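Next come the structures, one after another.
Shared between the two complexes below is chain A, which has chain B as its partner in the first and chain C in the second.
Moving on, here comes the complex of A and B:
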């Protein structure tokens, strides 16, 4: 009976309230963390960018370098991070930047797979993402990407875990408030890969998302899984217009 | 129940009554109590449940007097013992989504109807019956 009463209140649309105005992640960080990100000489993520630059110019298993196809200065990579995740026609599926880099490595360099969160994979991703710094996120959610986008949105509003919370509860309805001592941001993906002080390392967006699933005591999707790719596409569309900041610095 | 309702089966009839009750009083103002889940709780233990990560970790979202580091996702609970009866507090701690399905606060003593629970927590409520009673005793003491 009481249960039914609850349902009577439940007939509310499931389109998540989007945050307005859009505010990038650093606005929710302390001034010292913000300052770390803003200064290229202090931003620890720049170490990964530098290492990624070396890998960009290093020969793959077949002797070819990323630089041989894409140019030594990587200017051709400008904007690439801003349009990922994306449905890649040559792969026939949705891929994020990490997956796209991996595909180039195996297809064009004959190199063995890198583990997703390995230092080399993060370095290459940081190097490529850095080329888009300052450019607005502009992903496509049409055509073949539509299904993943819808799936991402459903995941975003689904209550999960023993704590029974959805992404939307924290990042749309309660951003700006504080969870214990941590301000909740709008949950934008634009700073990633980011150096997280708590990890003492650069880490991927998927690692950050897994932490949010862990936080609500939910089964975590694997890094690189279709679920996280779909969620990432939804987040990117939601952040449309915000600038890529990689490598970010976060608490 | 008037004659217009007779084509409904029993379930639908129940729902109609429930909806009428809700529309009459408004979702947020229902005054609902829940009976104790066990023997009376202990307020000191309840404070521990309230602040500890292994307990309810309620401080993630609620400020209370005497606790320095706490979040503000939910309302401050200072004086909650004067605003709500123990039965009403218990009703909210056990499963506040019964009051408002849109509620942000987790359902602390419910195992049904949850999705994708991590294996380590599956089938277990966040708080057991004794912890619920302890935290109810603690909040009841905030006057």
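Moving on, here comes the complex of A and C:
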């Protein structure tokens, strides 16, 4: 009986309490940062979007351009960022937007791999993600993506690092309070890739997640690793219905 | 490649002030940062920026290490006549940038 009770507790701990109501990232930022994100001219992330547009229309290694298949204005990319990360049948695994763009580049353009977090990769990702701005996050966690989703959830509730904290302890139980001078957000990935003032640059969600792992003094999973992809999928499911705001601005 | 954005109303009434907004993509290295192997990253900032309307200089700015990456400028001018608004800048590495927009005074 005791065993059963313990098991029930463990099962409850597996499903963390989700934040309600859902609040997007800018709600936890200062008014000037919010204004910077809302202003399409002053938002520094738009520099990457503009650069991404140039790359979109530039020929790849075999002369084919992204625009040849997808259209010059990339309107066909509308909603794509809201559906990622997703299980990609052609790759046979879970992939985020950056990984999907990379796969498309190598398959159809024969272009050399762009390193994750390189200016070009970020520019293309920002350009594509920007097309989905305002659309609600709608990822699929069923079928082949289910396994990654479960893994993401278990990573989300697992205590890690010397501070022995799990994501859920801050972002589900203590959002709205502060960590030193910094308000704790609900941890929604809707604004990424985002321009982070601390970095003085645009950066990916994986870079931000790695910073969180660093913050609790835990081993940092590599950007693009299965762990971070699974976590990203779980985060996207938590943010279901919130609008994509890429490129966001964060402090 | 120097990427920049310049925003100004394309047409303005004579005697009216118009806002000029400029965003320049630049890392603005302070010279105080070090690589993980201890090597100092050399200072590289946009050290001078000039904005001209036709032949008239309307703004000259000198930046140092205190300006953040991707500097954003906003200022108002009263254009006396139609012309091309040209912004030119140079950084410590000698890389020059230029962006232009046309203003029509009606």
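Things worth noting here:
We take it that the second predicted complex is superposed on the first by the 238 of 251 C-alpha atoms of A that agree within 3 Å, B and C clash if a C-alpha of one lies under 4 Å from a C-alpha of the other, contacts with A are read in each partner's own complex, and residues count from 1 in each chain.
The rule is simple: a contact is a pair of C-beta atoms (placed from the backbone, for glycine too) under 8 Å apart; a residue touches a chain by one contact, two chains touch by 3 or more.
No experiment lies behind these values; they were computed from the predicted model shown.
After overlaying the two complexes on the shared chain, residue contacts for A:46 are found with chain C alone; chain B is out of touch.
Put chain B and chain C next to each other and count what each touches on chain A; the higher total goes to B.
Contacts of A:164 after superposition on the shared chain: chain B is touched, whereas chain C is not. In the superposition on chain A, A:200 contacts chain C only, with no contact to chain B. By the touch criterion stated above, A:35 is placed in contact with neither chain B nor chain C. Of the two partner chains placed by the overlay, neither chain B nor chain C lies in contact with A:135.
Contact residues of chain C toward chain A in the complex are 3, 5, 7, 21, 23, 25, 27-28, 68-70, 72. Within the complex formed with chain A, the chain B residues making contact are 14-15, 17-19, 21-23, 27, 30, 32, 59-61, 69-73, 97-102, 104, 106-107, 110, 114-121, 124, 126. Partner chain C is touched in their complex by these residues of chain A: 41-42, 44, 46-47, 50-51, 197, 200-201. Note for the complex: chain A touches chain B at residues 1-10, 12, 158-165, 169-170, 173-174, 177-182, 184, 214, 217-220.
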